[in-house]
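Read through the structure below, which is laid out as C-alpha cells, and then see the notes.
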Amino acid sequence: MSGATAKAARMAPRGAVALRAPALNRGAPAILAAVALALVMSACGSSSSSPSPSALVKSISVSGIKTPQTESLTAGKRGGTLTVLDHEDFEHIDPGEAYFTTDYEVMYATQRPLYSYKPNSFATPSPDMASGPPEVSADGKTITVHIRHGVHFSPPVNREVTSADVAYAIERGANKNVGNAYFENYFGSLVGAEKANGGPFPGITTPDRYTIVFHLSKPEAQVVVDALALPLSAPVPEEFAKQYDAKSPTEYGNYQVATGPYMFKSNGEGKVLGIGYEPGKSATLVRNPNWTPATDFRPAYLNEIDIKIGGDTNVIGRQVLEGSDLVQNDPVANTIVQLAYEHFRSQLQVSPGAGDHYIAVNNKQGPFANIDVRKAFWAALDRTAIGKARGGELVTNVMTHFLLPEIPGFEEAGGLTGPKVDYNEHPEGDLAIAEKYMRLAGYPNGKYTGAKTLQVVGSTGAPSSEVAEIANNTLRSLGFKTKLSLVDQSVMYSKYCGVPAEEIDVCPNVGWGADFADGQAVLDLTFSGKSILPSANNNWGQVDDPAINVAIEKAQLINGQQARAKAWAAIDRELVADAAAIPADWDKEAAIESKDVAGVGDLWNVGAWDYSFTSLK
Amino acid sequence: MSDEPLLRVEDLRVEFPTEDGVVHALDGVSYELRAGATLGIVGESGSGKTVLSLTTMGLTRGLRARISGSIGLEGRDLLALSERQMQAVRGNDIAMIFQDPMSSLHPLFRIGDQLAEAVRAHRKASRGEARARAVALLEMAALPDPERQALSYPHELSGGMRQRAMIAMALANEPKLLIADEPTTALDVTVQAQILALLSRLQRELGMAMVIITHDLAVVAEVAQEIAVMYAGRIVESAPAGQIFSQPEHPYTWGLLQSIPTLEGSRSERLVPIAGAPPSLIDRPSGCHFHPRCPYAKPDHARIDPPLEAVVGEPGHRVACLLAADERRRIWTGMR
Amino acid sequence: MTRYIVRRLLWGALLLVLVSALTFVLFRVLPTGDPARLRAGRSASPKVIAAIRVDLGLNRSLPEQFWLYMKGIFLHFNLGYSYYSSASVRSLIADRLPATISLTLGAAAIWLAAGLAVGIVSAVRRRSKLDRAAMGTALVLISAPEYWLGLIALYLFATDIGRLRILPGAGSYVGLTSDPGKWLTSLILPWLVLAATNAAVYARLIRGSLIEVMGEDYIRTARAKGLSERRVVLRHGLRSAINPVMTILGLDIGVLLGGAVLVETVFEIPGIGRLNYDAITHSDFPIVQGTVLVAALFIIVANIVVDVAYAYMDPRVRVS
C-alpha cells in the first residue's frame, strides 16, 4: 500500500505497557546524590508459581472462571457507588488523546464515539453516537454516518449534539496541541488529511445536522470505519473547547463535557481538574444529568464511580477480594491472580485476546537473516517456560502464530494450536528439530559456529527479565555467543529495538495489542516491509518479504469482515512459514471484583470492568 | 571536739573482677581522721588512693566491686547504708572535688545552676534561694564578680576559677569531710598555691576535715597535718607530716623523697627515680608488695605480709616494713 | 549569629540552583524515556512526537530551556506545568505536602520517643538480657525493608485485609482538616512502620551516645553531689547524649520531607514521594524537577536549623 511509509502512526500496544508489569518494576532512575534522596525502589517483583501446564491448553477459558463473554449485560440492579482501586494513573482523559486501557475505562463511560462495543463483543461494533451502521459507497471512498437525535452534552454546554461536533472532534486530532496518536494512521486516507492542523478539511463534511460524510482519497474504508470506534470520534463542542485547544498542550481534558451516561465531576464552569480528577490521586464519575437512556444501549446501573489511584498491587488485590463494592481496574499482580483463583474464584474474571508477546529477530542482517536459523530458534524455545514466567495457564496461552484470539481470521490461521510445522509442534522446545534446521542453515554440528556475538536487548523488571533470560539461554544452547542488555521498557523501544540503525539482533520482550478486531491492526505495522521506519519502528524484526508485503497491501483494500479475515489469515500463515518472528505467548488479562459487585468486563478492552454495565448486587 | 574520730576506715578491701582477672585495688586499708584535721594521701597511680576516696563516697558500688571492711562516719558504717541513704551523705556530709575541673563540671549547664542543684539536692530551697546561695558560695571561693560567673559556662572560666567553682559546689552544704582528689594537678604552679591556700582557709572557716590525695609530696607538705603513703593498695607508712619528711621509715617513701627536685639542691644533683614499675594489681607481688623494687629486700620478704605497725619512739608514726627499725634508720641516715 | 544564618541561607540558595541544574541535566541526558514520546503514547508517529516536543518546549536548546526554567522559579515561583495533566507543579506539590508533613512529623515523634526510651534503658542496663534483646530487635528492624514491614503491618492489622482488624488500612488517609479523627487513625500504621526502622537506629544511637557520656567525669561529679541516679542519667547524662542525636534527627526529618516513597505507596498516602515516583516513570520532568527542588530545600533548611540548634544546645560551639 503506497504511502504506507507515510502512515507512520503506530498502533498502541495499549495494553502492553500496563500488562503484567507491577508498577514498581518500571526501573526508575535513582535521584541525585547531591541531595541524598533515598528514592531507590526495592523491586517488588511478583513471580508466581502456577499449576504446571505440561500440555497445550485446549480451551481459552480455564474452567469455572468467568469471562466477558459469559457475563450478563442486563441483569443489574440500579444504584450504589462503585469504588475502583487502580495503582496506576490515567495517561490522558481527553477523548482526543486517550489511547490506553485505563483511559478507555473512563472514556467509554463518559464519551460516545460514533461506534463502540458492547462488553462481550470485539468483532462487531454497535452504533453509539451513530444511529445505524455506516454506509460505504461502492468504490469504497465515501462513508456516510447518520447520528442520533436527542443526545445532549453535559453541563455547562447542555445543547444537543450535532454532526458538526463529531466533525470537530475528529478534526482536532490533527491539532498539534492535541497530538492524537492514531489520526495519521487511521484517518490519513481522508482527503486533505496530510494538510489538516485542527481546522476543517475536505475529508470531512456535514451536509446536515445529523449526517457526517467521510471522503477518502484511497478506497481504505474498512480501516476508517474501524477507527470510528476509537474515542477520537466522540463529539466535542467547538465553541466550548476552542479556548482550551488553543493552549499548548490542550487543556480540554481538564474541562471536558460528556455525552455518555457518566461525566467527570465538575464545577459550574465545567472544570474537571482538581474536582473530578486529581492527577495521581483520584477521579470521580457522576451521572450525566443530560443523558437519556432511550438513546443509548448502556444500562448505567451505578450512581457514582470513585476511582482511587495509587498504592501497591498486592495490597489493592487483597482489599478488593476481601472487601465490598470494590474492583481493581488495572493489571492484577500475579500473586493476587493465584490467590483469587484458589480462594475467590467467583470474583475472578479472565479475558482473552489481551495482546501477545513475541521475540523479534533481525531478518535483515546477521545470522537470523537466514530462515532456517529463525526456524531453529523457534523450535528450540521453551514457550511453556515463558508462559509460566508470565503467570501460567490462567493468564497465558502458548502462542503459535501471529494473529490474536478474538481477531477474525484467528481460527483460519490455525486457532490455538497453530499451523502444523515441525518447528511449531513442541512448545516446550525441541533441540533435535532445532539442530536439524541449524544444519540446514549450514552449521554441520547443529550449533552456530560463526564469529558474531548477538546483541540482545530486553527490558528490566519481572517477568520481562526472566523471559529475556530464557531466550538468552536458548540462544546459547544453539551455540550463539550473546550480549544481553536489560533496560527500561520505554528505552528498549525508543532507543534500541525501534531503531533499525542500532542493528540489534534479538528483542525478546516485544509485544502488541489490537486497536480493533481486524488483522490489519495486528500485522500491518509489525510485519510489512513498507512499515519499517528509521525511528519509532514497530516492525522490530525488519521483516521485508516481497510476497508478504504485496499480500498485506492487497488485504488492506478488501471490504467485508469475512473476506478480510480470510486474507489476513493467509498472511499469518505466510509469516509462520517464513518464521518472521518467534512467538512466545498470548495474554489473557485477569480482573478482580469484590463479592458484592456484579462486574461486567469489556472483551475489547482486555477485560477491564465496564462502568456502564457493572452493578452492585 | 570529741575524741571520737570523724572517719574510721577499718581493713577496707576492694576488688574488681575484670576479664583479665581480679584487680585488687585496696588490700586492707585502715586509718582514722579527726574532725577538722587534714590528711594527705600520697602514692603513684595504681596505689589505690583514688579507689579509697571513691569507695568512701560510695561511688565504687555497682561496678561489680567486692567491698569488705568498714568505713565509719561518726560511728555510722557507710558500707552498710543503702544507695538512697548514701545519696543523702554525698554532697552533704562528705563532698569530693576532682582533678580536672574542666571535665568534672557539666559543660552544658551554667555554673550557678550546677551549684544551685547541689544546694537543692539536700535541702529545701526555692530556685531563687538556691541561686542566691550559689552566688554566695562563689564569693566565698574568692571568685571575682560572682554574679556574672554564676551565669557562665565552665569553658568560659580559667582553670583556677573552675577549680574554685568546683570547691564552692562541694562546700554548698557545709560537709564535715572534703575529699580533694589531685585538686591542683591540672593547674599552673602559681594557681596551685592559691587553691591550696583557699582550701586551707575554707577548712578553717567551716571546721571540716579534709583528705588531700596527690602524687606530689610537695603539695601535702603545705597543707596536711598527717600524711599516709600508699603502695599497691596498702598504706605502707603514715605519720604526722613533719616526721614523714624528717624521719621516713619506708624504702618507698625514701624513693619518693629522693625524686623530688628541690630549689636548694645543686644543679648537678641527679634526681633518683624509683627503680622498676608499679606492680600489676591483678598479679601482685607476694608478701611485701614493694619487694621487687626495694633495694634492701631480703628473700623472705617475698613471703611475709608486712603489717602496719607503730614506730617505736615516734607517736602517730606507723610503717609496714619487714626491715628492722635500726637498719632502716641506718640506711636513711646514709642517704641524707 | 545572624550573620551566620544569612550566610548559610545564601549558600543554600546557591545550592538549590546547583541542584536544579543537576536534575535538569540528568533527566535530559540520561537514557530515560523521552517525555514527548511517553506523552504521545508509544504508538504515535514521529510527526506527532515532534509536535508534542514543540509544545513542551523540548525543541529549544538545553541552555535556553534551563534559563527559562530558572527564571520561572526564582522570579515567579513558577515551577512549570505537568506534561501530562497540565496542572501546575506548584499546586500539585502544595496539595501533596500536607500528607508528607503529617507522615514525617508523626513518625519522627514516635521514633524519637521510642528510641529514647529503649536507648536509655539499654544504656543504663548495659549487657543485661534486656539490653541484648532490645539491641537484637533493633538490628532486625533496621535490616527489615520498610516496604515489607508495611505489607506485614497491613496484613496483620488493617481493618479491610488484616488478621486483627483494628486499624484503618491502605487508602484510608484523609486530610487533617476534613476529618481529624480519621486522619489520625489512618496514619497510625504508616507512622509505626516508618518509625520502626528509625526507632531502632535511634535506640542504638542514643544507647551508644549515653554510654559514652556516662563515662565522663562530670557524671561522677553529679553522683558525688548526692543526686539520685535517675537525675544523673536523665538530666546530666541525657542532656549531653542527646546533642548528636538531635542533629541527626533534623537531617532525617529534612530528608523524609522530600517524600517517603515506600511507605506512601504501600499505604496509599498522597504525598510528595509518590508524586515524584509517578512523575519519574512518566518522565514528567517538571514535576520531578519541582519535587527534587522542594526536597533539596527541605534538606538545606534542615541543615541550617540543625546547625543553629546545635549552637544553641552546646554553648561551647558558639565560641567559634
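We just call them A, B and C in the order they show up, numbering each chain from 1.
Criterion: a contact is a pair of C-beta atoms (placed from the backbone, for glycine too) under 8 Å apart; a residue touches a chain by one contact, two chains touch by 3 or more.
Nothing here was measured: the structure is a model prediction, and the numbers come from that model.
J.: Please identify the chain with the largest separation between its CA centroid and the CA centroid of subunit B.
T.: So the farthest one, by centre of C-alpha atoms, is A.
J.: Report the chain ID whose CA centroid sits closest to the centroid of the full protein CA set.
T.: Centre-most chain by C-alpha means: C.
J.: Between subunit B and subunit C, what is the gap in Å from one C-alpha centre to the other?
T.: Here subunit B and subunit C have centroids separated by 54 Å.
J.: Per the centroid of Cα atoms for each chain, what is the distance between subunit A and subunit B, given in Å?
T.: For subunit A versus subunit B, the centre distance works out to 90 Å.
J.: What is the distance in Å between the mean C-alpha positions of subunit A and subunit C?
T.: Centres of subunit A and subunit C (C-alpha means) sit 38 Å apart.
J.: Give me the residue numbers in subunit C that touch at least two other chains, ranges are fine.
T.: Residues: none.
J.: Which stretch or stretches of subunit C touch subunit B in the complex?
T.: 216-218, 220-229, 236, 239-240, 313-316, 319
J.: Write out the stretch or stretches of subunit A touching subunit C in their complex.
T.: 8-14, 17, 23-24, 26, 28-29, 31-32, 34-39, 41-42, 44, 85, 89, 91-92, 99-100, 176-177, 179-185, 247-249, 251, 253-254, 273-274, 277-281, 308, 310-312, 314-316, 318-319, 322-323, 487-488, 490-491, 493-495, 533, 535-536, 538
J.: Which residues, counting only subunit C, touch subunit A once they are in their complex?
T.: Its residues touching subunit A are 18-19, 22-23, 26, 30-34, 37-49, 51-52, 54-56, 82-87, 91-92, 95, 145, 147, 151, 154-155, 160-161, 169-171, 255, 258-259, 261-262, 265-268, 270, 273-278, 280-281, 283, 292, 295-296, 299.
J.: State the interface residues of subunit B toward subunit C in the complex, per the touch definition above.
T.: For subunit B paired with subunit C, touching residues are 57, 59, 83-84, 87-92, 95-96, 98, 100, 103-109, 117-118, 121-122, 153, 155, 166, 169-170.
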